[in-house]
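After this come two complexes, each holding subunit A, first together with subunit B and then together with subunit C.
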Partner chain A sequence: MKSFKGWSLVAFTLTILLIVSGCSDSASGDSTREMGDKSGRGSGNGKDKLVIGLDDDPPQLDPHLSSTAVDRQVLHSLFDKLVDIDEDMNIVPKLAKDWDISDDNQTYTFYLQEGVVFHDGTPFNAEAVKFNFDRMLDPAMGSPRYGEVEQVEQVNVIDELTVEVQLKTPFSPFLGDLTDRAGMMLSPTAVKESGEDFSRHPVGTGPYQFVERELQSHIKVSRFDEYWGEPAIIKDVLYKPYTDENIRLTNLISGDVDMITVVGFKDIKKIEGNSAVKLSAKEGRGFLGLHLNPAKAPFNNKDFREAINIAIDRQAITNVVYHGAALPAVSAFPPASWAHNPSLEVPKGDLTKAKSLLEKSGIKDPSFTIKVKPVETDKQMAEMVQSMLQEIGVTVNVEMQEIGSLLSSAIAGDYEALYLGWDGRTDPDGSVSRFFMSNGYNNYAKVNNPEIDKLLTDARVSLDQEERKKIYQRFSEVVFDEANYIFLVHIDENKAMKTNVNGFIHYPDGMIRPDRIYFD
Partner chain B sequence: MMEQVQKGEITSVKTEYPRIRLMKEMLQRLLENKLAVVGGVFTILLIFLALFPGVVATHSHTEQDYSAVLVPPSAAHWFGTDELGRDLFSRVIYGATTSLKAGLISVGIALGIGLPIGMLSGYFRGVWDEFLIMRITDAMLSFPPLVLALTLVAVFGAGLENAMIAIGLVLTPSFMRLIRGEVLAHREKEYVEAARASGLPSWRILFIHILPNTIAPIIVQATLAIAAAIITEASLSYLGLGTQPPTPSWGSMLSTGQGYLEQAPWLGLFPGLFIFITVLSINLFGDGIRDMFDSKLK
Partner chain C sequence: MFYFLLRRFSLMVVVLLLVSIIIFSLLNILPGDPAMLILGQESSPEALEALREKMGLNDPLPVQYLHWLTDSLQGDFGKSLRDNNDVTAILLKKVPITIQLAFMSFAIAVLIAVPAAIISATRKGTSLDYLSTFFSLSGVSFPPFWLGILLILIFSVGLGWLPPSGFVSLAENPVRSVLLMLMPALALGIRLAAELTRMLRSSLLEVLQSDYIRTGYAKGLMERAVVFKHALRNSLIPVITISGLQFATLIGGVVIIETIFSIPGIGQLVYSAILARDFPVVQGAVMMMAFSVVIINFMVDITYSILDPRIKVGGER
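For the complex of A and B:
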């Protein structure tokens, strides 16, 4: 009796298993056929879902509270900005179809696009723009955007579709700042309704609207049918986090991921050699380098800083660590930037000159510690610097710290040298003021140089690009001479995608705008 | 644990046979165990590498050659070169120093703390044995070892020294437990009673009489713990919290190699192989020692 019971249980389980597997079989069979039929018709639209592999799970989907780059990848499909950039980093209309700037560079008048609605049906108008600026400026919000819009004195609604922004002082980087999160427009209705919960169901005017999110699994957005501009081609976009770059790439090559936002430098050759995937590369607008702490020995000695600056062979780092997908750096501005100074030469690792500077500095048996993130490329860079400086008799220790404690060390000034870069901003000001102005937000080295302050302030006031260019060129020379920060490389902006992904436009900010992407 | 506590048997063996004959027999038992011999030979080789890496290494373990990055294994570079053009063979050899250091020092710390506390706790019993020490070890043993080590390293900061301290602390409770159990079994034996009756002070009874009789299981536990410590150090370095560059560590080499599995498989293969062989050898050797002390196995 007992054994009969046991057998019947096994039989029952097997039957259930058979039924279940039968069901899933037929289901997947159907969907394959459906896809086959569609592509057979030559529409080239067999797939209606784009899967984007992110390098992390975005912590924050409220543009006014976001402080990581990975958030922006998702935000750019949900929110439109007042203005945008084109492929060559020119500022182009978006929600503002046109604008005027007063002669004193202190009043910006935006003429808004008509017929725009938020995903929740709220109309987009001048009131909504004012609401958004007020929210960023509200001290109670503690918005990371504050630094980008703090020059705003007040926002006046002129009529339904015209809004005027008054600045406290002339601030030419203003439009550049509005091409990213500071220019993203949130639905006032949704913000008032959900308050601090806005991040969990973000509402904008973008080509895609938020559908659902499962933490550490995926974020799903879907085409917004009442979109004011050209509607998105692919219906659904799924963002999936893959923190490990090898797993991310494997999922692109052999999994269901269509595009990845961050590509490992060592993998570039592998991608180029694989016919299933393709690479899109663009010269980056940011920089990577070493913050030297002038408040601490040995970096309180200017000759020593200079010696280090010229002893490091940037080209070798570019080749070995970044596998050629980078440019050696000498200033914050890459050669493609209008602010670049071509007369500054990238140091090639001049050890003889470095040695004589070292002697001049009078420091005996110099040594210092570089703090880096526990990231393979950062570690390799540090080991190369360690080996290069050993040749001039400088001992370098490397200490790895995860990003949170690394930033705390930076802010507290608890470091000798620290490897941290910046991904760059549309306006040159956004790439340098925060690090080099005496009151800069990220002035870890506590640089306090009146000439730098004056140059950067002048560059903010002027609207004439030629004049600003001269100022930034001079600025780069002063910063190089001071050597509080050693610019090492400008890394390329790389995206990788399956071969059938088309219509991708590679914007200099590295953010994917998925609405023009299609499969074929 | 139970198994080891029962090793009280050994003393009775000792009193029945002359010492020399016993040692001969034990050595014979060890040599008959082929796996233990292989493990022992590899362990001795490893110790040699760790003590004299410079003798075996063919290149400098830190010198970078940017023109020979990720070169496959060849006559010039037996294990190939790594992502910065360093000779992998030499780095793996120097990595033995790190691993052995991590194994020995952390077990040394664990023994240094665990042995005296465990002995006193087992001999004197009382409230602080039952309610304080044993409850603390219970609490510590309830954490997975790697998680506890990670937490400790996060508190102390990354680096080989801190990793060794953390691993040592993580290993301590198991030693404390073992030693306490052993002492607990011995304190009731006749020879201890005799010693007590003849008026010997407690410290003498503990360290001159009981300790030598409990040493066998401690040695076995220590060999196994060395292997565990090497793995933990490799794991911490793999996570970037152990050995800091450019000091080679098998764990951090393995971690780098993982990213190059397709482009340069040798980068992960050789450090991984050495971790595997080392831990296996030490474990086999430890097992052999355990059997050597166990008179019931014949």
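For the complex of A and C:
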């Protein structure tokens, strides 16, 4: 009998637990609803915490080790860059209040902002700038930023607030690169103290300082009171990861999330039709498209590549897969970019011409496989390409690989076609060199085209934007003609937020700088 | 009893060792190495090599495994490849969260299954019985992740009764903590409840037809006394066995449910660690899960003898 009593005790405890949770359910269920009503009525003035819903848990909070966009969302509140961009992608002062570029485009002299301190009290000065460059350039560091700063020959401290960066070769994309993580300044003291653990104790000069992080749960940052610039308006910012896009949106609409960084394309209409939330859309600066592998059949045949290039109707993909929140692409540079080439026409799926090119190629019963990430939009895009090419008699297979395997396949050159894009960089060079220069890291098929190499190198040397524009326009024509990469769409940069969130400035890089945001 | 414990314990060690070897090999067979995932599309060959060296990925596999084994035997599961955090420390933070979820799911399952099975077995052939059978069949057929999303749609988006997802620790705010975990626990618990109902029902039916139950009725006992005191207890053995086995399924379901409901437990940790090829974290977490499944099943064996004194563990007479 004794053991039976033990069992009923367990059952009893469980019952009590459920009753308790059941009761409290109704009680605080009401209070949540009340809170929701209040913010809806716009009396959120007392609210001093902004909750940002991210699309993933940021892997790295060390800017020099970061390689994902989701890291950057958080990094932009903790770290200032030497220079920043404005809404129209012009380069503007930040930690460097001014700079000179030598006539040979090889020496950059930065004049630093006075009175700047890191969150740990370390003064920000020329020494700190040198320390940061040296860290990124240290081969043992294995920094993903290396590619952006490898042109740096040496960094010289001129005086407390003047620093000179010597480049190995003229490199005009340099300032553009410094608007991203390569330009973020870390506290040398904190780096020396935390060593490998810096990512868990990030210290910068930004408007917010790091408070705490619970993996997969939240990252909390708080206003830095000794910030050199205008202090942040909202005191606390909480970043929370939501990998599922439906759950993310639900938390924005009916939960405590104030804004989300990535909006599902299928949800845009839903957001526009809901009065509790609003959408901010901006033309994206990146591109999506297909890497074709010219080292393998059938893509070793240029006529065949060209046939594929013109047979795909970009507008249809834009409408169906991206619900109109994208622009059809024909090059790496969207219409808003100064490097855009307006004379290149977007192919509209010219099947007659594609068929004749296919015939010219001499390939019988052509077929190939597209590798895509297991992401709904990517899959849909591949299926659309599949049906479009079926009309000219090309069989397309779709194979899904998660990102780790996909990148492995890419680097090993183990693919026929691969759907991978790029989110774009401030300087056009950052968007294309890595894919198209013969020694580019992302030139997976190791394509060596001397004309492209020469054009891209010329564009790096010149400081004259008009001249560079002409070079990039020519470059886009060559790349289109070679058709080793099929540009498909430039997707829009979308953010969604509760209606009471104000002061959000939509920067072209899609990164939220939370310090100017307020509730009303 | 002592020999029984000793034998079970050594078996446990062997099982865990095998699990560790399997998970280690599987992780290394997966395409995509951690260094490349950290560097992403921005990896230069030099940076890739430097990072691989730093992470010790260039050592031969058996050497890597032995390193890991000797360290983990001392309670040190290594450091996360992503942020250099101590894996043991991460796990210790995550375990209570997942235990809370598992416990609540189990509680929900028991609270649904026991009454449902009793009603269904004692009212065999009635519409109540069919209703309960229908419920258990559909419960088994619904995948938890689907159920989870459905619950969010109904209770958060539609009715606005519950917060859609998130987590607060029990210590911080017990009411909100339980509230936030209600839907995920339900999503996991319903399936479990369905399994348990089916099992308990058939087991009860069998027991109810046995002689001693008839004797019970014959000597004039109330139905309630017969069912609760005699039948229920005697039909629990197979149910306890199933519960032990279901615990492994529960742990599997936790991975996806935690991801959907943004619960920062072991499940979500494993999910993100696998995608990032964060080997030490995956190994540590899987070992932790394997350990808990083994322990639970060990406890199930012990429970037998408590429920039915005729069963003596270790074959004692």
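Heads up, the rule we're going with is that the second predicted complex is superposed on the first by the 476 of 520 C-alpha atoms of A that agree within 3 Å, B and C clash if a C-alpha of one lies under 4 Å from a C-alpha of the other, contacts with A are read in each partner's own complex, and residues count from 1 in each chain.
As a convention for this text, a residue touches a chain if its C-beta (ideal position, glycine included) is under 8 Å from a C-beta of that chain, and two chains touch if they have at least 3 such contacts.
Please read these numbers as outputs of a predicted model, since none were measured by experiment.
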{"item": "Touched partner set for A:A382, first subunit B, second subunit C, both or neither", "value": "first"}
{"item": "First (subunit B), second (subunit C), both or neither touched by A:K240", "value": "second"}
{"item": "Partner chain(s) touched by A:P170 [first = subunit B, second = subunit C, both, neither]", "value": "neither"}
{"item": "Which superposed partner A:N397 touches (first subunit B, second subunit C, both, neither)", "value": "first"}
{"item": "Touched partner set for A:E214, first subunit B, second subunit C, both or neither", "value": "second"}
{"item": "Residue contacts on subunit A - larger count, subunit B or subunit C", "value": "C"}
{"item": "Partner chain(s) touched by A:Q60 [first = subunit B, second = subunit C, both, neither]", "value": "second"}
{"item": "First (subunit B), second (subunit C), both or neither touched by A:N251", "value": "second"}
{"item": "First, second, both or neither for A:I411, with subunit B first and subunit C second", "value": "second"}
{"item": "Contacts of A:K266 with subunit B and subunit C, given as first, second, both or neither", "value": "first"}
{"item": "Set intersection of subunit A contacts, subunit C complex versus subunit B complex", "value": "246"}
{"item": "Of all residues in subunit A, those that touch subunit B in their complex", "value": "245-246, 264, 266, 269-270, 316, 319-320, 374, 376, 379-380, 382-384, 386-387, 397-401"}
{"item": "Of all residues in subunit B, those that touch subunit A in their complex", "value": "62-64, 66, 69, 83-85, 158-159, 239-241, 244-246, 256, 258-263"}
{"item": "Residues of subunit A that touch subunit C when the two form their complex", "value": "3-4, 6-7, 11, 14-15, 17-18, 20-21, 24-25, 27-29, 32-33, 36, 56-57, 59-61, 65, 67-68, 139-147, 150, 196-197, 199-200, 214-217, 240-244, 246-247, 250-251, 253-256, 402-409, 411, 420, 422, 434, 441-442"}
{"item": "Contact set on subunit C toward subunit A in their complex", "value": "30-33, 35-51, 54, 82-85, 90, 93-94, 104, 107-108, 110-111, 114, 149, 152, 156-157, 160-167, 175-176, 178-179, 182, 229, 233, 236, 259-262, 264, 268-269, 272, 275-277, 306-307, 309"}
